[in-house]
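The same subunit A turns up in both complexes below, where it pairs with subunit B and then with subunit C.
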Partner chain A sequence: MTAVEHAPAAANRGWFNSKIFAKLAIRLGAFAAFAGILIYFALTARGFTSSYNLINVVEQSTILGFLAFAMTVVFIGTGTDVQKGGIDLSIAANAGLCAAVYAVMMREGYGNFVAIPAAVGTGMVIGFFNGLAVVTLKIMPLLGTLAVMNIAAGLELTLTENTVVPVQSDLMNVLAFGRFLGVSTLAWCLIIGSALLIWAIHFSRIGLRLYAVGGHIEAARAAGIRTGAYIYGAYIFSGFMAGVASILIVSRLSSSTPGTGLMLLPILAAALLGTVFSRRFIPTIGGTLLAALFIGFLANGFQLLGISSYWVSGVQGALILLVVTVTSFAKKH
Partner chain B sequence: MHHTSKFSRRTTVKAIALATTMLAVSFPAMAQDKPLEGKTVGVTVIGTDHHWDLMAYRGQVDRLKELGAEVIALDAGRNDQTQISQIQTLIAQKPDAIIEQLGNLDVLNPWLQRIRQADIPLFTVDTSTPHAINNTTSDNYSIGAQLALQMVNDMGAEGKVAVFNGFYSVPVCKIRYDQLKYVLESYPNIEVIEPELRDVIPNTVQQAYSDVTDILTQYGADSGLKSVWACWDVPMIGATQAIEAAGRTDVKTYGVDGSPEYVEMVATADSPAGAVVAQQPYEIGQRAADNVAAYLNGEDVTPFTFVPAVLITKDNAAETAKDFLPKKD
Partner chain C sequence: MTAAAIEMRSINKIFGPVKALDEADLVVESGTIHGLVGQNGAGKSTIIKILAGIYRRTSGDVSVFGKRLEQITPAAIEAEGVHFIHQDRLLVPTATVAEAIFLRNEPRFGPFINYRQMNRRASELLHRYFELDLNPRTLISELSTAQQKIVQITRALAHDAKILVLDEPTAALVSKEVESLFSVLRRLKADGLAIVFISHYMSEILEICDVVTVLRNGTDVGVVDPSEVGIQKIVEMMTNRDTSEMYPRRNVEIGAPVMSVKNLTVDGAFENVTFDIHAGEILGLTGLLGSGDKEVLNALFGQIKPDAGEIILHGKKQKFGSPVDAVNGGVAKIPEDRRAHGVATGLSVGENMSLASLGQVSTKGFVDRKKESQVIDGLIRDLGIKTPDRHTLVKNLSGGNQQKVVVGKWLSCNSEIYLLDEPTVAVDVGAKVEIYNLMNRLAAEGKGQVFVSSDLEEVTEMCDRVLVIYRGKIIAEYKRGEIDADRLLAAASGTVAETERKRA
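And then the complex of A and B:
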């Protein structure tokens, strides 16, 4: 996709300018829409701007944010074209499985020191299977990760028998209800996690190479990057994030519950929506962070305004459609 | 066609209005015209995808509005994380009271405690928790025992029963299941098939259909399998259909709630649906709202309010089922 961008550009300068202008307009439009909606909520929704409420929204966006970061990293390493590039459909089910592993191990009396590595390890193994399917077996990512999603969901059901598995530990309490400098633990997780990932993906050597692999795999290979390893790495990292997020899910819900798989749609929405906030409509950690917060603010603002929660998922779906249409239009023309 | 349906809807509305007026007269708390005028009440429910849940939810919202309250009505769409976020935002909105309906207690309890810590009076529907001022519900102890005893009688006190037990973390299901087990202690010739079945949400009916089909294959006509039980009746719709499809007449189903489709099955003579305890979810919702009004106007409210439920069996369906059958316009 990036390759197509450069060749005809020089041939027609006027067309090039209008293209740049269109992209700028879309990006500014996205920021303006985000800001506009926030300002509208601030003016009309009682209590929206209170620091308590704003921190709540950050806290509510942490789990979605972490999982959407994972999806973003997979997008970055495999190209954003959902039809041709990579995707990790298993991520939400994987988080559900990790949560089940963690909760069941805690119930069986293993402490956090065993249960947390076990949960995160499970996530990484599932991520490895995605890599195996996509890189080694060369299965279409949409199908490969869909199959792995079913495996993860099945294993979760086997472990929990589709019931709620309660977990009690001091660590859970600190994660769910603790506060530091007036900001809740979960919100801190999002702040620190985002900062680390922005550094790793946008400023470290590994991150830049990952972009190269996703942007133009042949060129990256020609430049001597071991592309297969990077794609494997992206999927395993996605599994790692599913494991980390699962600990946060269990702490927030005080248990592992069925239905974590339902998060797939909001995760995809955040990762796709995030692309409009970047200069070239590519997935970025910062963009995904904004998108996850935007989805959180939307649900929060609607509730404060007394608009039915039923509208939230509808608006989410409409946004995905709009973003995919606008960005693919902007990339083609 | 159109005219008739409009007419009947208007009649229904009138009937409801009349019923409401009568209720208002009979309730001392309602002496004031709009006792919740100027008050904001939050309603949080885990989901409204089943008849019971939707009716109870509507009962609360409708009644609260009638009483003059501003209602923040939140449906989590069967998503625990959504419900927790909604409750968290609701606490920040500082309503005058919150009503919580159903959901997983393990998930909810820490958050219900936070509602109380924020000094917001908490009321529940069908959820017994130490954090609520009042729980409005059916008498689930009696419901569980009545249904179990009816089943024991139908079975002649011997045979096998397949039990769905996927929602032990939901308090009302725990009570009904525990009551079943307590009754069965006295009837040692009845055996609960192990492992128990797991009812699920969503795809409740389809999953129950395939689970029961498997059980029927495993336990043939001479196995002594006589009953299938669940703490609610939506899975029993699938179970009943599976038994019918298998052509078995030796197995009956038992459930709770009074979903119109299932009541209709119980009322049908040759259907394998054995009995159902039908509740009045809309009234339960209304009573919860009345309790909020009473409490906010300084009256004493007791820890629980029971709304009567009716055991509908094959024998008494002619008299008992009519109020619970599907509404036909």
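And then the complex of A and C:
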């Protein structure tokens, strides 16, 4: 009798072990690949390890990081299953639109006190529309946010007439060139933004409940969580981050330029790649930060090695495929 | 006198044309374990969902500890101390044990969640109530079914539950786990909690419940003490046998065995299932939810691969790797969830019916449209399918007529063995009778049928022979004449008398 009762338990444990092992292998593999590629660049790409270059990459990664954080929050609140769960395809186009709003308002002489809230507000309105499409109208996120992406991209073109809108202001000089304790303002933005988000997502009640909504929406509802509000919140937060990132984009380039929408691929790659750095294979702020830096170093290394930048987007696409395949495989087996 | 923990009076609930609850009462006192029993469709889950705030009652009064509740929402009922342990384990798979227990009640340290305290308190609770030493950092997805159930109950206790409602809590547990669950429930009862216990397992009701409310057709037909009246009486109250003229008679000579199943086993679902199906026979297969009856059918149809045993059809050993093999081997299945598996609702009645039997109406790779229409029009007439014509889309038909299309689809392909999985679920009485007539016609044509149904009345009336499955094993076999609903229910609930155990 006892033998019969113990048999399933033992079988269970075996399966459990192999699953743990596979997860560990993937996670270690991800870290090893990250380290391996950095070492490779350090050995072959001249100037890669110079402090100037490293800081430059961190600065460049701030904007990608902010937008990837937003995508991560959407993933957390809606489930990481990219095909069925939530996604915010509009985020890059939204950042482009916010940048255009900011640049055009500055050109028209409104000043930062009006232009910044207007840009961030625009982002949040676009985020609200995503929430409306996904939560209220129950459109598949992949399609709903794709439609909103096109709306945002269209509005950006209408505002800028597809031209570069140059901007000058003191604040932008601080953001682009300022330093504090030897670290540039942009890098500080990344550090502070990450810290705040790590608190909100991983150490606050809101974060835990957001994970619950994304992890099993029925269970979250049964626990009395207002799931719709959380998903709306995730999309509006995503729009907020697009607005904040747009100010940094304009500061770095001293203008609003067309083509911000092209950042969607690296944003997705960073948010998805980030999941392999977590114990539970779920999106985390820390994981996304690592992944964003990784993608930044990858682009930088290619540049230094003189490889065409066109390859970078190919590599990012391949990364997305790889990560989605590996994690969905790991979840199934 | 103190107010009852739960007092639901004259509850009515109407879904469209269906009256799910008809003046039903449920009164539960503190410090008792109160059983709620009834056949499928008797209204058990409806009344519980009304209490949980998932459904809104059509009329009636609900009070909790003497406080009348007008509009019930899930959050409001939880605030009154009523917690529900749902049959599906509603837990976030990526959360840790401690997170799942304290979700929406997280201990804080300033703006931070106090994870250390949360983990410690989770360990304490698990140890105190279940004597379970489970690492509170374990992920829910890594727990066994029983452990997940325990986490759900612990969650309710951590939220200061005064009333616990458990919906089929033992369905996925093994006997040792059931016992430890029961000892916990007894302890909670001694602490003064009111516990509502919903189960199909009569033996469990007898063991744990102080009082039982029996529901039938949406009405409470009695509130009894199970140890006083006994299981037999409760089952009689549940079934109230008054079979009308619903079941058409047939007079069919049962022939030689067509299909033999020997020691068929699917690990984790059922084991050592052995039986023969004869020509012209309707063989019933019944058991409680999750007993393995449906899995047997799926294995016979090649939808799950058996781990051991064999299926012999016409004296030849068969290996059905997929439903396609089964169909080619002469086996047809009428699935339960017709929307998911049975019909293509976007296609017309005619197209659906000929899908399974294109071979019969095609010549040299072309579908013979004329022959097809003849076959289909004949079927529509014979089955009494209410449709303007064969070009009507299936999704525009009523549920019962959709089911008839499914049946018709398989009838048209001339199989030897028919596997019927709950063919009459969610169809109206008239359509049921027509489906029974069809089954009789198949029997008259000498086909063998395996009929899975949880409606014990129809099993009793329609089958030549019934096998009862309990937790994956055939524990009883009854022939026509011996079959009655009370016996079947008792056997399906695991309380078959020793003398009736299958003579193997």
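Everything that follows uses one rule, which is that the second predicted complex is superposed on the first by the 321 of 333 C-alpha atoms of A that agree within 3 Å, B and C clash if a C-alpha of one lies under 4 Å from a C-alpha of the other, contacts with A are read in each partner's own complex, and residues count from 1 in each chain.
Here, a contact is a pair of C-beta atoms (placed from the backbone, for glycine too) under 8 Å apart; a residue touches a chain by one contact, two chains touch by 3 or more.
Given the structure is predicted, the values throughout are model-derived calculations rather than measurements.
*Asks:* Among the partners subunit B and subunit C, which is in contact with a greater number of residues of subunit A?
*Replies:* B
*Asks:* Looking at A:Arg27, would you say it contacts subunit B, subunit C, both, or neither? Reply first, second, both or neither.
*Replies:* Neither partner.
*Asks:* Tell me which partner A:Trp199 touches in the superposition: subunit B (first), subunit C (second), both or neither.
*Replies:* second
*Asks:* Let me test your reading of the model: by the given contact rule, A:Ala220 touches which partner, first (subunit B), second (subunit C), both or neither?
*Replies:* second
*Asks:* Between subunit B (first) and subunit C (second), which does A:Leu208 come into contact with in this model arrangement: first, second, both, or neither?
*Replies:* In the superposed model, A:Leu208 contacts subunit C only, not subunit B.
*Asks:* Same subunit A residues contacting subunit B and subunit C, which ones?
*Replies:* Comparing the two interfaces on subunit A, one with subunit B and one with subunit C, no residues are shared.
*Asks:* For subunit B, which residues count as touching subunit A in their complex?
*Replies:* Of all residues in subunit B, those touching subunit A are 72-82, 84-86, 88-90, 92-94, 104, 106-107, 109-110, 114, 166-169, 198, 200.
*Asks:* Enumerate the contact residues on subunit C facing subunit A in the complex.
*Replies:* Within the complex, subunit C touches subunit A at residues 74-75, 78, 84, 86, 88, 90-95, 99, 103-104, 106, 108, 111-113, 115, 139, 142, 144, 174, 176, 268.
*Asks:* Could you pull out which subunit A residues touch subunit C in their complex?
*Replies:* 5, 8-9, 12, 16, 199, 203-205, 208-209, 211-212, 215-216, 218-225, 280, 282
*Asks:* Which bits of subunit A are touching subunit B when the two form their complex?
*Replies:* 46-47, 50, 52-53, 56, 59-60, 63, 161-164, 166, 176-177, 249, 252-255, 257-259, 262-263, 299-300, 303-304, 306, 308-310, 313
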